[in-house]
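Next come two complexes built around chain A: one with chain B, the other with chain C.
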Partner chain A sequence: MTTKAAPSAWRDPVALLAAPAVIYLLVVYAFPLLWLFMKSLTGPAGPTIQPYISFLSDPFNWRVVGNTLRVAAWVTVVCFLIGYPAAFALARAGAVLQIVMLVSIILPLSVGAVVKAFAWQIVLRRDGIVSQTLVGLGLWDEPQRLLFTETGLVLGAANIFLPFMILPIYSVVKLIDPRLSEAGATLGATPLYRFTHVTLPLTLPGIVSGVAFVFSMSVSMFVIPSLLIGDRFQTLSTLTGRSFLLMRNEQLGSTTAVILLVLAVSIVVGSTWLARRIGGRST
Partner chain B sequence: MTSDSFLDVAGAEKAFGGITVLGGVDLKVAAGEFISLLGPSGCGKTTLLRIVAGLLAADRGAIRLDGEEIGAKPPHRRDVGVVFQNYALFPHLSVSENIAFGLKARRHPAAEIAPTVQRFLELVHLTDFADRSVRALSGGQQQRVAVARALAVQPKLLLLDEPFSALDRKLRENMQIELRRLLRELGITAVFVTHDQDEALTMSDRIAVMNKGAIEQLAVPSTIYRSPATAFVLEFVGLSSRLSGTVVGQDYDQVVVDTAFGPLRAPGSFVPGASVVLAVRPERIKVNAPGDYALVGRLRDAVFQGSKIQLHFETQGSDQLMVETADLSDGLPPPGTEMRLGWAVADTLIYPAP
Partner chain C sequence: MTVLERVSQYVVWFIAGFTVIFLMTPLIVTIAVSFGSSTVFTLPPPDWSLRWYERLAGMRGLVPALLVSLQIAAVSTAVALVLGTLCAIALVRGRFPGRETISTFLVSPLMLPGLVIGIAMLQGFKTMGLRDVYASLLVAHVVITLPYVVRTVVGALSLFDFSLIDAARTLGCSYPTALTRVLVPALAPAFLTSGMFAFLASMDNYPISMFFTDAWTKTLPIQMLQYVEERPDPTIAAISAGLVLLAIVALVIGDRLVGLRKLADF
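Let's look at the complex of A and B:
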């Protein structure tokens, strides 16, 4: 509900503040993307949609799409299950503890994904700490290798992307008045009812951004699967990378890149829209 | 097991990190009664309220409500409604959804919820705002939603934590009268926390004046105002003239006290030599009345307050001498004017010096 008509974006000088960002994104992002898109639609004899048809008619490629979405979904789920309670702990912690927690969440972001992926290679080895711990606890009969398995990939990727789930949820939780849950209690609502009818809808905007961040990052990750699972397991990103770098097939590369982009964007936008609908007026 | 009181708090104690916030408070509230917990911030009044609501566990003590021990019950099974200081309305729900929240949480049938919500919307005059977001409401409207939401589930007891503190004065006075009327109509037992003495005097059946985690006096508003039990109650509720002195003699049921303004009389009995404080409510003091008077004061300041005039007189030390009188016909007297001040001995209050 607006009480007065918003001034036209063109006449509003505030809109000019976005100009540097718009110009930057046009030059380094939109134009190359457009070039990529055009490349995928241009054959030796003019415009064609042949690359898409041949890509989609190959069962191997469907497996690649499946791998991509499955891994991204698992990474998102793991990040959410760990990150949601962590965000509450962070938001409700005392001042000093909160700073310590924030530093330990944000500082690792300065360590690149490559370094972390190499570290995970050590952790996930047959004689790595995960395997040894599980054997030590008696959960595994003998040491197993998690490196170069899908489980290992999901574990490693979830660790690397976890801050991007925690931080947006934390920023929303921080703004929620703890009295709301108390008010719910005095009205006769059980802890579960309070969670599903007060806390969850109010944190939904944070969940939506966290899920969007983590999903779009894990659907397009390239270095992490290359190091943690290797060539036998292809995702749309690694396939795009191989097409450009190894096979020198720019057409295939740009085709897979466009398919990845369309899939990722439509899933993120679609799930956001769905969440907003379910959450009603929560944002 | 029956009990005379509807709410019975016995020996409630609470300490935070070694600091006692509540030191064994007893409070009995009759059914349908409106009780105020009045005191300065940090006196433990909100702590007591949260303990009754079940939002805080007492270290020791028992709470009975309607003959049932509720001390060990979680808040959602106590049937105690709370209106929070900041209202704590659910920002993602509309006005009517906020009011319906408790009914839905208690799994009332939908056919019953709609008419109940409608009825409470009417009671707080918000029918036209049913579908608005609560964030689009003014402070006074939000407060009414909070009251309607708490009452819609028909709790046995309603607790109010300074619900008027965020409202401006005019609105606050209207809301006080409105809320009192509503609670009386519904026959709700209520405990009301406030630091505002006017609010407590206006609204309460009885007032519990709290200080340092204990109840200093629990009485009807007129008793609290006319005969404060302790010097703290005197100072916290209403204005007063206060003169310190020493008891010099006992004369039947009166004592004679030597003050900076000469000997003054007060009802009571104290050992001679005791340090005491004499107090008189400012509107009980007569200015330049014919006949006897107690002392002559030198005016320091006269303050015009519309319906009345406040006269402040020169005193020494911690003494304070003030008079409230109706508008004087010949305007405000200039500072330095000497005036004869008199009051009835029966209106004099006496307390041991702190």
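Let's look at the complex of A and C:
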């Protein structure tokens, strides 16, 4: 069976099958994004970065950027602290426990953010489960309300994004041969040395991708902060939504939207670059 | 079993248990509240009742929003399956430059902030003269569903042995028959799982939909958030419990078709 050799790479007729999807996305998705970006850099009299200068000269906006990055960083840290050991537990668990864990990771992924954020509104109340548990354990003297606090927001968001930390790390952990660590032990390495010199480097690609997922989703989350912390605490995302839907201030909204876009794209590009570097080194 | 092994076993159980409880908390709380009789989200509920489910029928705007969401999700998933499969075939079978770039581009809507995509689309559609709410929602939701289809079908196609189609043709099938009787059945699990997740993603989408709804045409998440803001009561938990049930059904089907472990592949 001889396959027809394409005379030129560009004339491969199979390529035409990609055209509808690509053209569709170009027209309704890529061009609008590009246009938003260009328009934010165009003033009445030609190219300008004035909107960004005036945005950044307002200390309130710096607080908004600070809120966004701080909350995203905390969410990522919490997700990592729970997700890293959880990925190992998932890889090392017995058959039944593994299925229970997989279900509890995948099922919440198929449920929308509105549903889960609403549930966290109930969980974080003064008489909610978290408060009751902490009082029950003797960690808190009296019930406290976590709803509409930054801690509550971080906790709820970390819960919602946790699967995106566990799954990429799990995908590398399950490939690690447990004998590697045993070999290290045979050669006299301490558990800590084995972890930092064998396990951690091997799981680094998974960590990079999990951290990138969780951080970028936390930066751009909108429904979760609207429900868990309210209007008094603004992030780039909620400010963008507000300026379009409530304040009808498209100028401000476009500026913050582009800042968000640039943040998200640089996280994706940066993590891809980092993953490639790590991958290149370990092979 | 050495002491160290036993200890590490307990540690695994502890972490696994904590993770499962933590992740399932929102879903279990939602379901528990929806079957409780209390109006104020007391947990555990003082008494069980179905009153919140009975009240669903009287919720203004619920059924229309549900219908809009189901229609938009179904149609946009169908369109995405067609566009996405064609494109996946080109990406796997084609030998043209830029395939890597195209596949990243097609999956990119999953990685960018939905809110920003929504704003860009809102302004783009305005410029293009697309003002109809229903049509805008549909066009926007294809962008949400397409990445799921492309990602999964590309994966399935790269495992497919295309010489099977040639074999079918040698055995006397016409090219279209060979495609429908060999390629389509082989890809069916990929169609079903990607279609399901695309459907759920469309049903659950908030940040993009919110720019395209008006007072008459709302999707379910938009309507739900409005209920939450106006008058939060366990009726919302009852709607949520319905959506959780939908997710459970999807998960069971997904498990039967490709297995849980495949679903967890990232």
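As a working rule, the second predicted complex is superposed on the first by the 231 of 283 C-alpha atoms of A that agree within 3 Å, B and C clash if a C-alpha of one lies under 4 Å from a C-alpha of the other, contacts with A are read in each partner's own complex, and residues count from 1 in each chain.
We take it that a residue touches a chain if its C-beta (ideal position, glycine included) is under 8 Å from a C-beta of that chain, and two chains touch if they have at least 3 such contacts.
The model shown is predicted, which means the values in this text are computed figures rather than measured ones.
A.B. asks: Pick one for A:Val268: touches chain B only (first), chain C only (second), both, or neither.
C.D. replies: second
A.B. asks: Thinking of the overlay built on chain A, is A:Leu107 touched by chain B (first), by chain C (second), by both, or by neither?
C.D. replies: Once the two structures are laid over each other on A, A:Leu107 reaches chain C alone.
A.B. asks: So, does A:Val214 touch the first partner chain B, the second partner chain C, both, or neither?
C.D. replies: It touches nothing on chain B or chain C.
A.B. asks: Go through the superposed model and pick first if A:Gly188 touches only chain B, second if only chain C, both, or neither.
C.D. replies: In the superposition, A:Gly188 touches chain B alone.
A.B. asks: Check whether A:Val154 is in contact with chain B, with chain C, with both or with neither, and answer first, second, both or neither.
C.D. replies: Neither partner.
A.B. asks: Residues of chain A touched: more by chain B or chain C?
C.D. replies: Ranking chain B and chain C by residues of chain A touched puts C first.
A.B. asks: Should A:Cys79 be classified as contacting the first partner (chain B), the second (chain C), both, or neither?
C.D. replies: Touch status of A:Cys79: no partner.
A.B. asks: Both chain B and chain C touch chain A; at which residues?
C.D. replies: Common to the two interfaces on chain A: residues 1.
A.B. asks: Write out the stretch or stretches of chain C touching chain A in their complex.
C.D. replies: Touching chain A: residues 8, 11-13, 15-16, 18-20, 22-27, 29-30, 33, 41-43, 83-84, 86-87, 89-91, 93-97, 102, 105-106, 109, 111-117, 119-125, 127, 139-140, 142-143, 146, 150, 163, 166, 197, 200, 203-207, 210-211, 221, 224-225, 228, 232, 236-237, 240, 243-244, 246-248, 250-251, 260-261, 263-266 of chain C.
A.B. asks: Which stretch or stretches of chain A touch chain C in the complex?
C.D. replies: 1, 6, 9-10, 12, 14-18, 20-22, 24-25, 28-33, 35-36, 39, 82, 85-86, 88-90, 92-93, 97, 99-108, 110-116, 118-123, 125, 127-129, 159-160, 162-163, 166-168, 170-171, 209, 216, 219-220, 222-223, 226-227, 237, 240-241, 244-245, 253-254, 257-258, 260-261, 264-265, 268
A.B. asks: Could you list, by residue number, the parts of chain A that touch chain B in their complex?
C.D. replies: Its residues touching chain B are 1, 177, 179-180, 182-191, 193, 197-198, 201-202, 279-282.
A.B. asks: Show me the residue ranges of chain B that touch chain A in the complex, using the header's touch definition.
C.D. replies: The touching residues are 53-55, 74-82, 84, 86, 88-94, 101-102, 104-106, 133, 136, 149-150, 153, 155.
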